[in-house]
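Here come two complexes built around subunit A, the first alongside subunit B, the second alongside subunit C.
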Partner chain A sequence: MTRQTEPTQQTATPTRGVAGPRRRAILHPRLRGGLFGLAGLALLALVWELYKTLGPADGVILGGITVLPRTTDLAMPHLAVMAVRLFEPVTGAASALPLWQAVLAGALFTLGIAAVGWLVGVTVGLALALLMQRFRLAESAILPWIILSQTVPLIAIAPLVRRWGAQIQFGEFTWESWMSVALIASYLAFFPVSIGALRGLSSPDANHVDLMHCYAVGWWKTLWRLRLPASVGYLLPALRLAAVSAVVGSVVAEVSIGLRGGIGRLIVEYAGAAGGDPGKPWAPIFGSILVGLVAAGFVGLIGLFLRRFRRGEISL
Partner chain B sequence: MNHRIKWLGTVGAISAVGALVLSGCSSTGSDTASTDAGSDLTPITLQLQWVAQAQFAGYYAAVDQGYYADEGLDVTIEEGGPDIVPQDVLAAGDVDYAISWVPKVLGSIEQGANITDVAQIFERSATTQISFTDKNITTAADLAGKTVGSWGFGNEWELFAGMQKAGVALDDISLIQQAFDMNAFLSGDIDAAQAMTYNEYAQVLETENPATGELYQPEDLNVIDWNDEGTAMLQDAIWANADQLASDSDYAANTVKFIKASIKGWIFAANSPEDAAGIVTAAGSSLGQSHQLWMTNEVSKLIFPSTNGVGMIDEAAWANTVDIAKNTKNETGATIISTDPPATAYSNEYVTQALDELKADGVDVMGTDWAPTEVTLNAGGN
Partner chain C sequence: MTDSKPAFTSIPAVNVRGVSRVFSARKGAGVTALEDVSLTVAPGEFVSLIGPSGCGKSTLLRLIADLDAPTSGSIEVFGKPARQARIDQDYGIAFQQAGLLPWRTVAGNIELPLELHGLGKAARRRRAAELIALVGLSDFARHYPDQLSGGMQQRVAIARSLAESPSLLLMDEPFGALDEMTRERMQNELVRICAETQAAVVFVTHSIPEAVFLSNRVVVMSPRPGRIRSIVDVSLGDMAGRGEDLREDEGFFRALSQVRDLLHGDEASGAGTRPAGARGVETR
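On to the complex of A and B.
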């Protein structure tokens, strides 16, 4: 984002050979971005507490429709209640873990499943994009189906996938329920990748492609030398979208089939405590936010590795 | 050259991370509650209708106490979830037995699922409609003009039947879809909320009453019990595959063994509720301790004292459930079933044999002298 402005400032300096002062110029805005992120979080917390203190107890109702929630301790617990609850044990049992530890374990489990789903989704998405780029016929045939696939409601297919999976067994391999969740995560994740990669692969200028033709370079080499590098700017936002979709898909599918171990299951189980223990149901929500942030951060890391290809990155 | 090496490095880094994640995941994949797979035990899978909780204490206790193993069965318990339909999983042949409510299954049977109720574990219904005393709702007739909560998805029929019996039409109430929690009831959006005696009722009693600063007390609530209103329907039952019962004599024999061990598990849960609650918690339930104990105690009340022996299907209660399923209309005018279910929908053959064997072993399957314990609920169920 900030990088886009750089070439205009430093058009004279060659892009290669990063010098000391320039590096500081890169780091500084990033640090500032982080600070702004934290400030945004603090602002959100402030708005929450302010509304809770000043808002009407019955919420804001316009024409019979509640537009802003109630401010009771049940509907909107104090942030401190949620925070303190995180450090108390999950239940009164002697062996119970502190809540944050249980949620962290759930978050790691969900992150693992989402990562598998993301990898599968990215692989499938890239393969479809390559196929569609290579053969015009494939694009006409597949693209509408890719878009249609995202209109199928997730909660309808989650139990079906689990049941189909339960019938799969080859030799030592048996289908586990977590694989169904990963499959659903990949089902959401492949979509932005296939669309983004297709746009990216088709993004090189016609004269660049023509140049490759003049060199009598084959499709594979054109792909490696020209199309793939050119697609990075489109691919990275798509990968980030895919990562977040994979997390959402994992949590929703976990809720749907009640898979033990993940954030989704904790959401279902802790919901019942909403009345007597209002801070508890919020803990898995923080957990899923954490998973989303880590997943998006991981894609950011990939972006660091591919820095030299990120020319004119588009925002998606 | 430089270009290519960087590319390879990136690809390598990504695949290394991916492999790490994959291997981490596969080691945490298995989460089933099964006993040691001994050499000559028959593997059996049981599908529950919800996640692990004391509603299924008897089955978890039977696994933990080795009652299934004593019968030569290696039982794996599969947990349910919001979108898991146990009778469909059973009819598809993915599991050997399933736990589900009779009215929900009757609909599936009419749709073609060929399954049989082989043991009616819960004799009484746990579904109630609760309200704060200041709303003055003590009978189904009082629901007229009120906002009434229901979870829907097959949990609403006793309520609708009770209202129909009392002459309250669905247009006379405003029906509200209830969530997993009781917040809508506690904040007054719902006058009369659906509550299972073993779960949501306790959730309310675990909540602080802002007026007193203490937890809500049973005196603060009016309860419409569908058992008293005469529109109770049969709930948790053990279902088996009807085709397999007819064609596979080993499966039929295992069904008797499974019921026998399950009944022993329920007797254990009724007599040692604290141990049973601990077993369920150890099996992975994250409900609070006092809530889990309350649930164990309440589900035992649905079973004991037993009228005909645990699991026996009472013909009058079955007929009443079928009658309600045929004649109660929901908000769209639909009924659960349109014709009587086939004769294979229930059978007392297997449970009778199981009860005879238990009686021969000197086991008390009636629980005539059984009395529930007093459970004190703590805030948040902890």
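On to the complex of A and C.
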């Protein structure tokens, strides 16, 4: 339950901030949203600790199926254990970094790859949307493939991408593994952008399109003055979704390609330690959440700069 | 069906000759929106198109604006084909919905056509300020459309349609969505603006008083297929002399009942016996 309410709280706040029905809110709607988000997080922590204290050690089993997890220290470490573990060294070796530093380095590495993937995905997604908006034929030809593309599991394409990439080499340029990861991230990221941008570009009223026709301006000017500004309200949620998808794509692709240095790799590596060191696997998980938050926050920042184009935004 | 006025020596602002428009249907014969319509609008003349829904008045306006092409017949605007006139920006247009861009201020919206056609920034500013003053919104130049009332938005749309000083204004029920009081005020303003700009106007409406108050001539249309039934010469004097007191004028009521009789002619033959100038006539 709480797992679900927390993210919806967060995604719902911006729209609620724009068209808030309650005018007499004491707090700024954005701030209120933030507080609710934190409250959701606290609730999640509370549920975790409560269940750990009260739940049976072997978990709740109904008809031979485990419905709720075991509550042993190994399966469900205390939140405090996870937190404390962050400040201890990664391994027993004398030169080992504190865990949080290693995770942060991995998070930055993954964030960089995800950013490249996001940029590529946004570019491709926008280009496809423009093509589909411009030519009706392109829309009917491409759109089904775009949707179909997302049904292919990542695990299936990761080795393919790596193998093809390994064959690319011209001059100084050689394909590196991180590029494969970024490419897979972009494969996830382009989808929401192309769909959102297409909807946004087609969103102007017939009235506005007629007006542009009366002004005898061509497609490019109509695009720049009318369609692009009108699409901002659709584009921003798509960009945020793309950012989060790029992060997820990077983490998963790191694992399936076996790229070292990122958060995906750390998740796999530290999972092996769960037996003796239950706090450790949680650190890279928090790291990946952090990457996702930073990515979504970055898009939120873009939205701040484009506020003018979101006036009179009715619904998304 | 031809122009009842003495022919002007200059080229007519709008010259519609034998125009038909058939919207083809997937099955069957399609819908005839306009059938053999001919109409001439002189420069500086205010002509209203009135008729019940489906009589093709908006279609006719869209044809003149080259937003749609006639199935047969020809349309000339200032002696040029409608398409060329559109490309040359010979007309300004206003729709029922103000159609302002929500991300542009009042001034920005009025500047839009100027900007699109490459006018310099300083000239744009100056022209926008003039027009904003003309429609009485000087205090709102920096406001966004969502901060304005419906009437104010429509005034901005009219100012925008005047931006490039067109000699022809095409208006498709621009006051249709406004309340009655705002509407009469806007009509008074439009009369004033027309007197100042000397532009010819083709004005689509379904309000009889509005058509009579504003126009030199009222074109009464009938539906299915859209045809011109008759053209009423209102002759209530020139634009500059039209004021609020015209609404109480004898000639105003006479023209009013004449147009109403023409509109209702097909359903009630006794329509002409209704008392002229009765309150509560069809106003929309």
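Simple rule for what comes next: the second predicted complex is superposed on the first by the 283 of 316 C-alpha atoms of A that agree within 3 Å, B and C clash if a C-alpha of one lies under 4 Å from a C-alpha of the other, contacts with A are read in each partner's own complex, and residues count from 1 in each chain.
One rule holds in what follows: a contact is a pair of C-beta atoms (placed from the backbone, for glycine too) under 8 Å apart; a residue touches a chain by one contact, two chains touch by 3 or more.
No experiment lies behind these values; they were computed from the predicted model shown.
**Q** Could you check whether subunit B and subunit C clash or fit when both are placed on subunit A?
**A** fit
**Q** Would you check which partner chain A:214 touches, where first means subunit B only, second means subunit C only, and both and neither mean what they say?
**A** Second partner only.
**Q** Thinking of the overlay built on chain A, is A:308 touched by subunit B (first), by subunit C (second), by both, or by neither?
**A** both
**Q** What is the contact status of A:205 with respect to subunit B (first) and subunit C (second): first, second, both, or neither?
**A** Second partner only.
**Q** Looking at subunit A, does subunit B or subunit C touch a larger number of its residues?
**A** On the superposition, B touches more of the residues of subunit A.
**Q** Of the partners subunit B and subunit C, which touch A:176 in the superposed model: first, second, both, neither?
**A** Touch status of A:176: first partner only.
**Q** Can A:187 be said to touch subunit B (first), subunit C (second), both, or neither?
**A** neither
**Q** Determine, under the contact definition given at the top, whether A:100 touches first (subunit B), second (subunit C), both, or neither.
**A** Neither partner.
**Q** Tell me the contact category for A:226 with respect to subunit B and subunit C: first, second, both or neither.
**A** second
**Q** Smallest separation in Å between any Cα of subunit B and any Cα of subunit C in the superposed model?
**A** 7
**Q** Using the superposition described at the top, list the residues of subunit A that contact subunit B and also contact subunit C.
**A** Residues 308, which sit in both footprints.
**Q** Looking at the complex, which residues from subunit A come into contact with subunit B?
**A** Within the complex, subunit A touches subunit B at residues 70, 72, 74-75, 90-93, 102, 109, 112-113, 115-116, 119, 155, 158-159, 162-163, 166-167, 176-179, 182, 255-261, 265-266, 268-277, 280-281, 298, 302, 305-306, 308.
**Q** Using the touch definition up top, name the residues of subunit C that touch subunit A in the complex.
**A** 65-67, 86-87, 89, 91, 93, 95, 97, 99, 101-103, 112-113, 115-117, 144-146
**Q** If you look only at subunit A, which of its residues touch subunit C in the complex?
**A** Subunit A residues touching subunit C: 205, 207-208, 210-211, 213-217, 221, 225-226, 229, 232, 308-312.
**Q** Which stretch or stretches of subunit B touch subunit A in the complex?
**A** Interface residues on subunit B, with respect to subunit A: 6, 9-10, 13-14, 17-18, 21-22, 24-25, 28-31, 50-52, 79-85, 88-89, 92, 94, 179-183, 186-187, 199-200, 203-204, 206-208, 215, 281, 284-291, 378-382.
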